[in-house]
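Before any comments, here is the structure.
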């Protein structure tokens, strides 16, 4: 491939690994056009996935590209094809930690898992703040060196104040993702709207079974043989947002609701961690009320 | 244990492997009493499971007993403890094939699996008849030497006739279990009542999610990440009967409703086969709206 | 993309769905080049997967392309990029049934599953012949209308004759895939070599555990808590060929070797069916001693 | 049941929940005898499991019994039946935390999981000491308030000293279980012998596949489609001890050895936690080279 104006420097350019995600109306020539931009910047595709939704007619793509180019150079190379196919796209550095705000209540297992995985280098997020309406997580946050704020919520006014603080923290820390790690308050419609597409909740059932409160009690009463957990985007429609990941664990008639709850925590932590990891790696895209997950 | 009047014969008695299932109000001394009867007939317990339901206060037990005794001798030994604890019990020969009526519609996969497993000796049932409202299963039934009747159901009268034929066949063949192997008609409340506790259906979703018609279409629309199948007892409350077994299969955004249906058939067949096997082995007991499954 | 000499016809061309698989040394520009050929024939990519092996430095790709073009036109469009990157490629029609020879012994479950799935339209294979060294499968083959030959193998001469018949049948029916559906004879090194990369075996253990004979007996003795099945390519190194698919089933201490064998049959059938399906869909490529499976 | 000399007190006795495990040669009358002792102390069986091993001819039983009796009274009631059937038995309080010594090296995930689960009340163990040949676990141990000793092992002498310290700590803290939570040193035959039946290791593969060092590298090279973890008793025969629990996780060709290692950590932690939980609950019994696990 001949040299292009985008890589004029005679000095060997520094290599960057990029993640490019894009969405547009499906049609011919998109992949050829996008990969043309990759070739133009001397890039090497290290991972590539695509999906054409017959439901919405949209085309989704995620590329990892190792290139001796800057983001500006890559954007410039992409500009014509982006314009031609009316592509919405995001170009980012691979493995850049996502600025993540965690909301929690009393239960510690999901937060413990997220913080441990982050500290082990398996979960590419930065957590500038944990906000909780109980204080049980304070020691854990302290251990992992994550700022923690405890704001009790016992009435509508405190709830409004809590949510105001959420929005403030998002602005203050330039938050890209809000994770409800067993935060047991229902978000107001306004907050749901403000966080659309960037707020992940873990629900302690295999949705759409057992929406709402006390899903393990419901699962016990119904006598299910497997319990589950569901990570989904938060929408104003409670427990109805697009599903990102689900897991189940086999149980039997001997388990009490309390035991189901203990058993299920493992599925909850694992499922939330998986969803957050994929989101942080730009692998989760919205296709109407469904998600495209480029695992 | 000294010889008892129950085994008076000087000739060595023939050994039988029994299955004993029992239910009664929970209380002390039940196991001791029942195992006393086992000792009295010189029996050896080869499998034993029990469960005390905190929900209903009922005690459930299943024993396999190898004994040099007849059923009458064993019953006689059990009589005092049965009376003392007001036990409902069933004593049967282990591995006796259960007389099973299969109802089907167009889909062949579940029936194919049941008949193949039966012919392989893995599924202890006898199938004196398959009744279906379509004729697609006829060749399969023929191959396995199972009588097959095709009765179309296109209106209320034909449906009533179909159900009358079901009841007649039950009487005629002394049927112990009715299996709805993807029989796509809703049973009348009368038939549900008549078959209470001895009719198993396979529903092609992970209940309680996606009750009713077209569950794969519903699962697709909701964007679930695992699809499932549920074997349950039939009750008048559609898809709400006590669950016997459930399985799931991982799927992703690329699968169309039609593909989900094809993928799910494997879970359906496997789940139904498992539930029927356990039922035929007297491993499934009802505890209110839940099942006790002694796997 | 401007019109090309490859699609000169003013009449609307017939659409074909193609499957294109390719392998070459990894390097920049391959995807751009290949998708350029797709654009040239007016094709639409309906599925795309790729993998660059850090182990072997090879690049693998599988495309499904819906195009108003003939295979010749598509090949012509691909020719320059194929030459430039020294690509080995196969262009085929999507969903074309693969001509498949099944070898079997006494056990029927794997063959039953393959034939049932084929007849249901879920498994894109044609089976012009089943060869077996036992006759237990004859009725099943008859039911599904598949020619069946029984050739006993009780000594080296009969074994050589059996293998000669295999090679003859491959030539006679233009066989593309040989499936060992629980065929319990070890293939000669010569036959292994002749079938390299196009012969799939199902082994009844989770390889590399329990190679060789009686794996369920071995699994019982070792007290494993999950048993498994492995579908792999046949090589001269017994049970060491590249793995295509594996599944496990949970068991416990109560299961006898005989019960493990019965339980495991389900995993065997399912695993073999999955491997054959993927192979028939051109989703399985060899990367040294490992497989690339574009699921 | 009439009052017995064992419960003579007119004052209402305090209730205790006992766990009784027993092993003896199989034969008639054992369950009847044991449950007679339960009745004699006015006990109620809340959980009961049994297994007769056809391999060794041994009979295994585990009972949970809620009784208004002391351990001495229960032992006295058991004495005749224990003598008659030559039963080896252990009577303990249910949910009594097991005194557990953890050995570790550099990796923190397994220890983190054990300590978190213990602090959440899900894992009935007390950990008076963690001994490690690296210091990475020190902060974690500090956070959970568990004494931690770091003893480097870089040669045979240090290794001998480490093992001497293990034996000393066992005596000092009256240790009942030693857990190798990714302790990467091979125990000496002497230590293996000293810890027989009370030392659990987690191996990072699905044994018997990939014994020894670098199992993820081995798994990668072999191209397996599922990776696993195995918790087993330590014996002098490396990675050959009786298996307690195993789990697998699906992977594909895209995963590097390093990624397999990261993915597998979850299965390792979960599998070890499960095995330790069952052991601490007296659910794991040895039957020759196999385990009986009363889940």
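Observations
Labels for the chains are A, B, C and D, by order of writing; each one numbers its residues from 1.
Quick note on the criterion: a residue touches a chain if its C-beta (ideal position, glycine included) is under 8 Å from a C-beta of that chain, and two chains touch if they have at least 3 such contacts.
Quick caveat: nothing in here was measured; it's all calculated off a predicted structure.
Among the pairs B-C and A-B, the greater number of C-beta contacts is found at A-B. Each chain gets a centre from the mean of its Cα atoms; the one farthest from the centre of subunit B is A. With each centre defined as the average position of its C-alpha atoms, the distance from subunit B to subunit C rounds to 37 Å. The distance from the centre of subunit A to the centre of subunit B, with each centre set as the mean of the Cα atoms, comes to 43 Å.
Counting partner chains per residue, subunit C shows two or more touched chains at residues 254. The touch graph of the protein chains shown is complete. Chain contact summary for the complex, subunit A toward subunit C: residues 1, 26-29, 31-32, 35-36, 38-39, 42-46, 48-50, 52.
Those residues of subunit D whose C-beta lies close enough to touch subunit C in the complex are 51, 53-54, 206-210, 221-226, 228, 242-248, 252-254, 256, 287, 289-293, 295. Residues of subunit B touching subunit C in their complex: 47, 108-109, 112, 116, 120, 122, 139, 143, 254, 262, 265-266, 270.
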